[in-house]
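As structure tokens, here come the structures.
One chain, chain A, appears in both complexes that follow, with chain B as partner in the first and chain C in the second.
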Partner chain A sequence: MTDTREITLTVNGTEHTIEVEPRQLLVHAIREELDLTGTHIGCDTGNCGACTVLRDGEPIKSCLMFATQADGSDLMTVEGMEDLPEAGGELHPLQEGFREEHGLQCGYCTPGMIMAGKALLDENPNPSEADIREAISGNLCRCTGYQNIVRSIEYAAEELEHGEIAAADGGVAIDADANADGEFDCGVENCCGGPAAEGDGDGDRGSDPASRGERR
Partner chain B sequence: MKAAQFEQHEPETVEEAVSLLESLDDRAILAGGQSMVPMLRFRLAVPETVIDINQIDALDYLEEDNDWLRIGALARHADVEHADVIQEKYGSFADAAPLVADPQIRNRGTVAGAVAQADPKGDWGSVLLAHEGEVVAHGPDGERTIPADEFFLLPYDTTLDENELLTELRVPTPAAHEGSAYHKLKRKVGDYAMAGSAARLVLDDDGRIERAGIGLTAVDITNVRATDAEDHLEGERPGSDLFKRAGELAAEQSNPESDEHGDAGYKERMVNVLTQRALGDAAERAGLVKRRVTQ
Partner chain C sequence: MSSDSERFAEAEDGGPQPEKHCGHGRGGMGEEVKRKEDQRFITGRGNYVDDIKKSGMLHCELVRSPHAHARIEDIDKSRALEVDGVVAVLTADDLLEYDLATMPTLMDDTQDVLVNDKVKFQSQEVAAVIATDRYTAKDGAQKVDVDYDVLDPVVDAADALEDDAPLIRDDIEGQEDNHCLDWETGDEEATAEVFDEAPVTVTEQMLYQRLHPAPIETCGAVGDYDPGKDKLTVHMTSQAPHIHRTLFAQVSGIPEHKIRIVSPDVGGGFGNKVPIYPGYVVAAAASYVLEQPVKWVEERSENIQSTGFARDYDMQGELAATEDGEILAVRTDVLADHGAYNAVAQPSKFPAGFFNIFTGSYDIDTAYGTLTAAYTNTAPGGVAYRCSFRVTEAVYLIERMVKVLADELGMDPAEIRRKNFIQPEQFPYESPTGWNYDSGDYEKALDKALEMADYDHYREEQQRRIETDADKLLGIGISSFTEVVGAGPGKSCDIAGVEMFDSAEIRVHPTGNATVRVGVQTQGQGHETTFAQIVAEELGMDVDDITVEHGDTDTDPYGLGTYGSRSTPVAGAAAAVASRKVREKAKAIAANELEAAEEDITWDRESGEFHVAGAPDRSISITEIAAGAYMNKPAGEDPGLEAVNYYDPPEMTYPFGSYIVVVEVDRETGEVEFEKFVAVDDCGNRINPMIIEGQIHGGLAQGIGTAMMEHVTFDDNGNVTGGDFMNYLLPTSMEIPNFETGHTVTPSPHHPIGAKGVGESPTVGSPPAIVNAVVDAMAHGGISHIEMPMTPDVVWEKLDEAGLAADPADAIALEFDGQWSDEAADD
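And now, the complex of A and B:
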């Protein structure tokens, strides 16, 4: 009864041909047809950005597009991050950054944040804090852990900048950088990011969605 | 929720799209989809057919000729945001683009689609009104142009005919001494405007205001022009007292509703302030005015 259509998606470098209904959203095709469940569905309304993927290099919300509209596209999801050359066969510097800087709490928004961060660093390898906040402005973190998400992306930017050096001496630079950033290690404030963290000295920088708004 | 089943068409030319509009009864046009896709999936719109115009490559342009800045129906917000010609010459567009929604949505959503959607809280309608722009539509009888101030009827309702496709937005290329700006108040990134004001000033060689255009966002049932303020400005020299009065007149002519973001009186005061700021920036960008006008 239902009409389906055959579409071809290249996802993380692998070409897939699948049958979809015209009404099927891209995010559902990615999760349900391709079993790539790293891309999350958070809100149903296009607000949260958890479903952010790169389409031909640009970040888009895969819940605001039908799968048929992506026919022929080159997509990248969070699962593709560790296959990038910068990852060196392990975690990509962005993923490493989220681990080192406690950029994830419940983790639900993380795939979208990482893809938004990837899009930013592809365009602008040396982003300011304001650039980072703008780049993730379409992504909500309900744990309100924005401070550490920004730090995670800053970490990745630095790591990528020093990537060549790290590669040259076999990756030792990663440990060195982690030590250099010791002030952000697993301290109580940064670890849980709860109200206690917001009450401290730089809590007024706005870690909740309402106050992180206009920064231009 | 999933969208209801629909039949999908992907025309590759404007003519094909128009003939589909003519031959099909219950249909929706899908462009950037950043409003339409949620409407479909929440079943606020349940069309039998969706006409996806994204394959009409001829509508994907942003260009300037001698007379007009032309924005094709498939130009995305991000295209406007990053275009050199916009940054150099169209201040209000350059101001408004990065204030629309968020980066991901700007990569997909179209400027023309936002205008066709005719949400009174949309930014582009005000910019189009301030510039005395036009909407170009294609229908069974060919092309017609609709002046921006005859386009918006009601929330989500325009003077487009049922069988017409909006194909282009256009605004006149700037005069020798012209400047424009857009100011918007919103609670946070991604929100629609609580209030917004677009201003365009054309000065004569003597430095007097020859033409003034002001478009307001989110303070009436559609995007509206602040005609009383425009009339007050024309023939005068730019200045803070003049702009102050224009801000008051714009506020008086606006009809905001009280809601969770603020009461009507507050929004009127915001219209006043935002209009003054937009006029100040527009005057500065028009040249002939040395210092930014402050309120």
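And now, the complex of A and C:
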């Protein structure tokens, strides 16, 4: 064992003082010293973005930085998302978005994607599709083909905007899906209140999220 | 194994018809139920192998060969053992003591766990260092001194079969060259006759390049031997935990009941996590010997350079046809690169997998195919990367050749497909190479795709661009593929001798909810939701009242695992049949509870309840019956409400679809952009449309990676030059367009819920559609084929060959009239 250094990291609002080897990567410090295993490792070369965390609000790849370089930093990982005020004690709209829009399959890239999405929305609350695609272009996903990840982040942007409007009003934030007691609609054509088929040429779903049937 | 009566049990109400009665609002068939597994993944609470932390856990680092072909003269461990924190250094000699120096591949070859004598590919495992933490293990690995006698490598299959090629497998008795195997299918003579007399024949040579599945999580394991219980637990990234347990038992001699394989959350598999790799064996063996937990996790470069690659089929395709486009025969000859060991991951009676489905969606009477496989100094593989055992190569071959023929005849590629499709009334259809297609309606899917893609409009636009000498050419590509998935049946398909069935066990608890355990294992496919939906559909329960478990050999029923799109076709069928067995028992209890004769009790799928015939208000649900089963059981009935089913499928299922891709090809740069990407899939009855669409998106993205970006390459010295994410390029959000998906529904007639499986269709079906589109953009210049991956330089060369390339210098000269215009300067 080589010599160690004492560093202080504030992670998800909690200050930790830990002993690390100078060569220890930040991602290993987060995962193995602090036991926050939501942040993943996928490539070792900075290409995949599974290790994305926020450092002083900026998205970084925590496999490309030594833990000592992050000494004194304020870090945020996926485990901190539920504690944000926007989460209202439950899921953060970004997390909700990934579930609602099926933005994940194996889940391995998901924490990194959520952090990349968080960095984008902090900077640009109303991103275009192109903005979103660029913001997550450093994060590889092998399962989803990205389309639903884009939708997930769009979902969060909308939710966050609604939340802010309500708050500015001094009122209670309204759940955009508040019609949960409405009639059940499975989204399939000619079924359970789903859209009527307009011809055989219709696709399953358009690119407009509003055109999609409500899902369970 | 299930009897026929069990397999087709029920159907008294016709089975689920999700397009008509989707889910009944309880989360059954056809409903877009949000995934149950998502909560843990979006909150960072997943549990992947590298997340596992055990008291006293050691770390394993493998020492890998920098050479592709070399004899090991000596291994000196001494400097490594001096490193503070290094606990052990293992070599083949150490493993020999435990008879663990070699392991069988899935194709019955023998692979060194740690190299005993000769290195056969770069990054092959030479030694293992076990240390107190991962950094120290790496320190130790760097201090293992290996003395290599470097030999000439051969990394190309054709070169490997030359007379003067260096012999790779001198460990196989009697082996004198690098020839691995020969295979043939179909009728050689009849096919030759048709070709001799056919009015039109076309031929094309095409390489399906070496790919790697490259899931974002690499492979890894934690071996955890408990000396108190004399039990070895191996947590590992496994797509097939039960068969891995059997193989571990066979290799190690440890009794199978003393081994437990746990496949926790797995970060993508795509076929990469079907084989057994040396790292798993070393971690398990080291834990057994040291009596401490040992973790081994690959780095990305180790994953790509040493674990199962896919494809690497160099194929010649030939079609014989009439002048009006009726295909008379197909013939193919393949040179396959199997790497240093024959480790192809497919049913053992299929050395070329299901490649002999290369007649595709077409009613072709005559076919013949041959294949020669070679050993090379490259990593072993031939795994089914998101495909059912070489069906991907077969579909690429036939769908490319149909386009070649269409261009030769000047026919529309949609028209030529329509002319040759197997017709709906021909099913079940027997192909000339012996497959029995279950059901299909190919024209319907193609018509739908053509309409969604606005095909006629793009054909006109394509012509306009050619006539106006536009900067960007337009190409339209079609692929109308048929897959073969869902292996077994057990009589013809096995993995390492174990027949390919699968299983489900259902336990309905006294308070009316249920636990379902399955023999397959999810790596992102959404099994915890999909299988719950099948059971919800069949038992009339709410999907929220059902929990699905998998991936633990101590608790789950034996199954063959998840690959080859077999989970829904096989384990999905088992879940449906097991549900029907539960319902059968529940019926007796219902009769007791409703105080009616059992023959008067009927099941109503819509309400999910049993009714008394003629008295519809007298009804009872499974949830209510569950209490009766445990608390008020009828006299003579056994207590409890449980069932298990081991399902041996009578046949495979044949999902299909039509994909249409419209591309713009930049004549200056060779860049290809997707203008439109339409995918119409038919996977039979659909369980969760949201999950299906997600799978299709992901597979299409992988198809784009295949066609445009990915290639595991080597230099002449055997160095892997495409062996990490810097050099093996996965598509990002910038390369993948939005997809438009559609579907038709042609249920499988032999599957209990009419489903076929879908996960792999898009990876299988999309590469030929993409290549066909790019070829189509320059077909008027005489181009008939472009090799994958179609990087801009490859495309530009073809444009140049066709006389269609625009010289970038011309464009610059146009802008430059003595001084840069503002516009040009801004660019």
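Structural remarks
Here, the second predicted complex is superposed on the first by the 161 of 216 C-alpha atoms of A that agree within 3 Å, B and C clash if a C-alpha of one lies under 4 Å from a C-alpha of the other, contacts with A are read in each partner's own complex, and residues count from 1 in each chain.
One rule holds in what follows: a contact is a pair of C-beta atoms (placed from the backbone, for glycine too) under 8 Å apart; a residue touches a chain by one contact, two chains touch by 3 or more.
Just so it is clear, the model here is predicted, and its values are computed rather than measured.
Once chain A of one complex is fitted onto chain A of the other, the partner contacts of A:E21 extend to both chain B and chain C. By the touch criterion defined above, A:E58 lies against chain B but remains apart from chain C after alignment on the C-alpha atoms of chain A.
In the superposed model, A:F66 makes contact with chain B only, not with chain C.
By the touch criterion defined above, A:P127 reaches neither chain B nor chain C. By the touch criterion defined above, A:D35 reaches chain C but does not reach chain B. With both structures placed on the common chain, the touch criterion links A:P93 to neither chain B nor chain C. Applying the stated contact rule after C-alpha superposition, one finds that A:P111 touches chain C and leaves chain B untouched. Taking chain A as the reference, the larger set of touched residues comes from C, when chain B and chain C are compared. In the superposition on chain A, contact is made by A:N47 with both chain B and chain C. Once the two complexes are laid over each other on the shared chain, residue contacts for A:S137 go to chain B and to chain C alike. Shared interface residues of chain A (contacting chain B in one complex, chain C in the other): 21, 23-24, 44-45, 47, 134, 137-139, 213, 216.
For chain A in complex with chain B, the touching residues are 2-3, 5, 21-25, 44-47, 49, 52, 58-61, 63-66, 68-69, 116, 119, 134-135, 137-139, 209-214, 216. Residues 18-23, 25, 27, 30-35, 37-46, 48, 50-51, 53, 84-85, 134-136, 214-218, 265-268, 270, 299-301, 447-448, 451-452, 523-526, 678, 689-691, 693-695, 697-702, 724-726, 730, 732-734, 736, 738-743 of chain C touch chain A in their complex. Contact residues of chain B toward chain A in the complex are 1-8, 10, 30, 33-34, 37-38, 40-42, 50, 52, 54, 78, 98, 101-105, 107-108, 186-191.
Across the interface of their complex, chain C is touched by residues 1, 21, 23-24, 28, 31-32, 35-45, 47-48, 50, 77-79, 81-82, 91, 95, 98-100, 102, 104-111, 114, 132-134, 136-150, 184, 186-188, 191-192, 200-205, 207, 213, 215-216 of chain A.
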